[in-house]
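In what follows, structures are represented as structure tokens.
The same chain A turns up in both complexes below, where it pairs with chain B and then with chain C.
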Partner chain A sequence: MELRSYIIRRLLLLIPVLFGVTLFIFGITMLFSPVQRASLYITDPKQLVDLPTIIQMYGLDKPFFVQYGTWLGQVLRGNLGWSEAGSMPVADAIWHSLPATLELAIFATPLIIFLGIFLGTKAAANKDKPLDHGTRVMAILGWSLPTFWLGLLLMMFFYGFLNWFPPGRLTDQMQILVDSAAFIRYTHINTIDAILNLNGPVLLDALRHLVLPVITLSVTHVAFIMRLMRSSMLESLGKGYVLTARAKGLDERVVVNRHARRNALIPVITVSGYVFAGLASGAVITETIFSYKGIGWWAWQAAVRLDIPSILGFALFSGVLFVFINLVVDILYTRVDPRVRLGGGLQ
Partner chain B sequence: MSDWRFTARQLVKNPLSLIGLVIIVIFIIIAIFAPLIAPTPAGHLHPYMIPRDGYFAEPQPPSEKHILGTTQGQYDIFYGVVWGTRTAFHVALVVMSITVLIGIVLGSLAGYFGGVLDEVIMRITDIFLAFPALILAMAIVAGIGPSLKSIMIALSVVWWPSYARLIRGDILQVREEDYVEASRGLGASSPRVIIRHVLPNAIYPTLIMASLDIGMVVLSAAGLSFLGLGTPEGYADWGQMTEFARNWMVGPPGDPFKYWYAVITPGLFILFFVLGWNLLGDAFRDIFDPRLARR
Partner chain C sequence: MSKRIPKMGWIILAALLCVSLAILPACGGGGGTPIPYKNDGAFVQETIGGLNSLDPAWAYDTASGEQIQYMYDTLLYYDGNHTDQFVPMLATNWTVVNSTAIKFCIRDGVHFWNGDNVTAEDVEYSIERAMVQNRAGGPTWMFYMPLLDRMGSRSGGVVVINFSAIDNAVEVVDGNCVQFNFVRAFPETPFLQIMSNTWASIVDKDWCAAHGDWDGTANNGTGNSTMWTYYNNPPKSRSPLYKGAMGNGPWELDTWDAIAGYIRLTKNTGYWQGPAQFNTVTTKFVDEWTSRKSSLVHGDADLVYVPRNYIDQLASYTDLNAIKDLPELTVDAFFFNQNIGNSSTYIGSKALDGNGIPTNFFSDLNVRKGFNYAFDWDTYISDAMQGEATQVGSPVIDGLLYYNNATPKYSLNLTLAKYYLEHSGWGNLSSIGFEFTLCYNTGNIPRKTACEILAENLLAISENFIVNIQPITWDTFLDKIFTISGISDLPMFQIGWQADYPDPDNFVTPFQYSSGDFAAYTGYSNATVDALIDSARLETNPITRQADYYTLQQAYYNEAPGIMLVQPLGRRFFTKYIHGYYFNPVTPGMPGPLYDMYKSNP
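== the complex of A and B ==
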């Protein structure tokens, strides 16, 4: 299939997906009575008398599809509503918290992928030896660790005891510096801005805040990539071209790293895309524990406060991002493995 | 060799899966004998609500009266983790039953009849699978209002699509078998063919996968609970007890590990529970991996 028509077809598929999910979540919020939903707009018991006015004003007692239609109409005009959790329009809230999440994903994803590929290759090359068993146990352990608990333990030790890595994104002092006129915000991604501004202290401070969240994300994600790499590598090592390479008398390192690994990487690349997509649409638990105020932290705030416009806006955003990144991964896939054709099976 | 016998023998041969099995059995025993291990105090109405010893905010270290200490608000940690085992099994069994049931119904309809029905059902699963699971679950819990029931509903909603797909795939294979053809030739109705001949032969991998997903269901439920999207305050629930420890992870200056007991214990229970199922699951994956040939 031609690349352009494939992309168009996939983007069209996005429409029913987003329609379905927003309809679903909107439907759930409609389980509340209009009075309950109206009372989310007031902050003072004295305002209780205004409830009927609020219901009238926002049309909260209208039929389901009328309310959904109103919301959808606004979304199509670019208005995602007002976020109570962020005290700003929902679109602005997403825009403001995106850089923090991207920063986290930019640092965590490469670490997860390289570590996963490295350990997976080692495990497969030493199948059924102590190294293989050791990494297997580590993987199962990492996979079973509750992210939030690991975060608490890391904080207890590295923040409480050693005071090396504090929570948040920057210390107050650095935040003031970063917000001042002397510091130009190019991307709002702290580390990149610090490099562009040639500001060492800010860079160091930003990195200090990144260490624990990145470790937490890596521990729980590396296991997955590693196990996949191992089984993919084992399959690859059993192929004819590996036998040929060995028969030629090539060094085992060359056989493993050049012949087997290249082909074993293909499924890993796909999954790496999903890992990035997952992290970029917000690592909710990790961001929440470390008060790292990105998309995930903000989504948590919205969910806890029952901020319906934010929840819907966030669901919409993460859905678009997820499908979009998957599309990019699929296209990359065909570059890596020429046997794979867009929209079809093997050639 | 029969599937069951082959599986059982492989499991016993592997030390890791044996450890997993032991861990699971211990948890089952804790769950069954919870009223004996941590008796509910007389006059305490709801056994799943952790009894509290006053309303003092600061967690108290292990003592004779509270052998594992208390959380913030003086909830007894020992009572909480023991009865929390029941909560964990409760959530897991309900979510897996709903998931497998929906999966079987939709998966068999799609797989057996094919055509338009298949297309519609599979596109619906696509919609659900296109979203990050935790985020969808959070939105659902927030929408219905936090409670144990909401967690179970939310997790069922995000979990069923993969099962529907799995069952559909297995049914597609089985429906081409000769005995299915024979049964249809004898004039059996579609429901009868599906229930008597197709499902019993297609469901084995699904049931295994479902039982091994129990750990991951409990991990996700604990995550939601930790985020404050779960059980009411004081419910015997590991995730919530970990959340209680959040304000106390760092002790006063000079004594940073003062509240270690409040942080460590509930998390260890979650870790071991999930670990048990995952150790077992890892062995199963090897057994079922078609690339690693069976003798």
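== the complex of A and C ==
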């Protein structure tokens, strides 16, 4: 199937996907009574007297299809509603919160992929040797460690004790500089903007604040990628062409890195796409612990506060993200494995 | 041949790893570590939550009120740590013209940040704007109550007042004075208290109108005389002041990033009282306690919010200035529901058969008294509040006008509790027994503790007294309180109240008035008490007023519509470099009156 028509066909799938996701989530939120949904606006006992007014104002007692239709109509006009969790329109809240999460994802994803591939390859090439056992223990630990525990531990030691890597995105002084007219915000990703502004101190400060959250995010995913890569490598190393390569007298490193690993990467590529999508849609615990507030933190706030417009907005965002990532992964798959054709099937 | 590490080696490695992970938490720094002096000229605080709005007429939460007080002045303010004495601010003086009018004369030479003069027209506009806006769930009922003797502009969601009522309530007189006209006589002190708070902040009329806000007239520049209602109960974003500001206070708005979770204010060098000591005031909203604590002990923050159960973690830091025993104007209480909804799932069999309670179980005074005598305040204060609270006997608490320390209080007495429960109108309850579910807000440990104390003591009186305890979220709580039938499903509930202004009416009305905030959900009604509350609210003679509130405090004890719990004592943890702090319970936020504070390295 031609690439362009394949892409268009996949992107058109967005419509039923987003419709289905939002309808499903809206339906779940309607399980809450109008009073419960009004709790977003009634946060203090002093406001109880205005509960009926609030319910009427926001149409919370209207039938399901009326409420969903109203919301859908506004969305089609480009209005995603108001985010109480972000104190701004939902679209603005997504736009404002995304850079922090993307910054984490941009730094964590390569680390996860390359470290996972490297360690997985080494483990497979040294099967049942100390290196393999060591990486297995590391993988078990990394997979088992609760993220919140690891994050708190890292912060207590590296910030609480050593004062090396503080939480947040920037120090106060750098934040004042970044907020000033002297610093141009291109992307709101601090490291990229610092490079574009040729500002070394901001870049270093931003990197310093990235260390702990990136490590926290990476540990679990590295463990997973490492084990996946190891399994895939072992399968590759058992194939006939590898035996042939060795029989031809090729160096073991060439056999592993040039012949076996390329084919072993296929499942890893698939998973890596989803790793990035998962990171880009927010890491609530990491963002909360390190005060690195991005879209994950915002979505969490929306969920606990029953901020339905924000919840639906996040659903739309996640739907678009995962459909897009799926598409990219599928296209990459055909590039890595020539046997696979677009639209399914093998050659 | 591969050389394998022996099994014992792996065990040793694993053990070393576990030990190192266990000791790492100890690496949090110690009390002896000095706190470095940082951020000279800047004040940084870290707390939880976030801001709602910077609009003085909109904001009804503490976090927003704190920032507003730094950016805007009011006509007058509390004198030091007093709650019933005031100093002039944007007003040079005020005069009680008669029992239905107070006049404030406006200070000359005060400017907004853009250089506009603060005038009487701005004052008139600010209060009228608040009354026009009158958003649902907002603070402006406090203007309607004294000025128009009603709670707001709407009924059933529809505006029912004329603009002329608002216009006549606030008028510019004598050139540069503003007169507030009450439809009925209103006592002076509570009105002055209302006018000292952030909802009475003075905003720039010209700036607001230029930025799309209400222009101060009924028709708002159109031919429609009801155009002002467009600005009534608006969406938050319609107000230019929700995220912007044009104030006259000691600091100006620099940046508010709601997603990143910080707000920064910079010094207003043209402030009429002289520039503040702090060049910048930064408030960061940081949910994680470990992060806040680390910021404090590393000097990155000058003040942080410390949850009560973590106080001990800071006890050994000698470079911290811990200010304790601050009597906050808040109170927590149990409420008895004397008319539980028939649909309630919290009252078991709905009959007094040992497996439930009837819907009017708590309508019996002896039952309510028995429950009061079954509560252990000493244990609650020591266990749930770390000893930092005082028992209260009525809604009028220490720090409010006309607080009567001699009002009797209930105390733990299981003998008396048993007596009242066995001599209730329902008969001998020890034999009959009862069972119901007592709810508390999920995550609120003090309230959970209060429920447990009550349940355990009742069980100690009789094994037939079964109280099940269940956590519920805030939205569920609202749902059970505010049912379709209009009657609450919860047999008992706990709720807290924080002062809007330090007048006893602000506490007595929600707790004891049949139309008050909580009485609607408790079925409590006493016409005599209602009449006394109405009378006391408007009484202008302080001696008579005091007598009325003394009577109301006694009435609460006599009728026991609930179990009054405690008035918490607050704490503040500053680094030793911050000076000049004083406590006023009415001032929103932790640092309080920041203008008088400064930072220096001794």
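We adopt the following convention: the second predicted complex is superposed on the first by the 326 of 347 C-alpha atoms of A that agree within 3 Å, B and C clash if a C-alpha of one lies under 4 Å from a C-alpha of the other, contacts with A are read in each partner's own complex, and residues count from 1 in each chain.
Note that in this section a residue touches a chain if its C-beta (ideal position, glycine included) is under 8 Å from a C-beta of that chain, and two chains touch if they have at least 3 such contacts.
Note that this is a predicted model, so its numbers are computed, not measured.
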Which of chain B and chain C A:12 touches, first, second, both or neither: neither
Partner chain(s) touched by A:247 [first = chain B, second = chain C, both, neither]: neither
First, second, both or neither for A:288, with chain B first and chain C second: both
First, second, both or neither for A:160, with chain B first and chain C second: both
Chain B versus chain C as contact partner of A:198, first or second or both or neither: neither
A:182 touches, of chain B and chain C: first, second, both or neither? neither
Contacts of A:306 with chain B and chain C, given as first, second, both or neither: both
Partner chain(s) touched by A:152 [first = chain B, second = chain C, both, neither]: both
Shared chain A surface residues [contacts with chain B and with chain C]: 137, 141, 152-153, 155-156, 159-161, 288-289, 306
Residues of chain A touching chain B in the complex: 13, 16-17, 20-21, 25, 28-29, 31, 136-137, 140-141, 143-149, 152-153, 155-156, 159-161, 231, 234-235, 277-278, 281-282, 284-285, 288-289, 299-300, 302-304, 306, 308, 311-312, 314-315, 318-319, 322-323
Chain A contact footprint on chain B (complex, rising order): 16, 123-124, 126-128, 130-132, 134-136, 138-145, 215, 219, 222-223, 226-229, 242-243, 245-246, 249-251, 256-257, 260, 263-264, 266-267, 270-271, 274-275, 278-279, 282, 289, 291
Touching residues (chain side chain C, partner chain A) in the complex: 2-5, 10, 13-14, 17, 21, 24-25, 27-29, 39, 42, 44, 50-53, 60-61, 136-137, 151, 154, 157, 233, 235-237, 242-243, 254-255, 257-262, 264, 280, 282, 284, 286-288, 290-291, 293-295, 297-298, 300, 474-476, 478-479, 481-483, 495-497, 500, 510, 517-518, 521
Chain C-facing residues of chain A, complex: 32-33, 35-39, 41-54, 56-57, 82, 86-89, 93, 96-97, 100, 128-130, 133, 137, 141, 152-153, 155-157, 159-161, 163, 166-169, 171-173, 175-176, 179, 288-291, 293, 298, 306
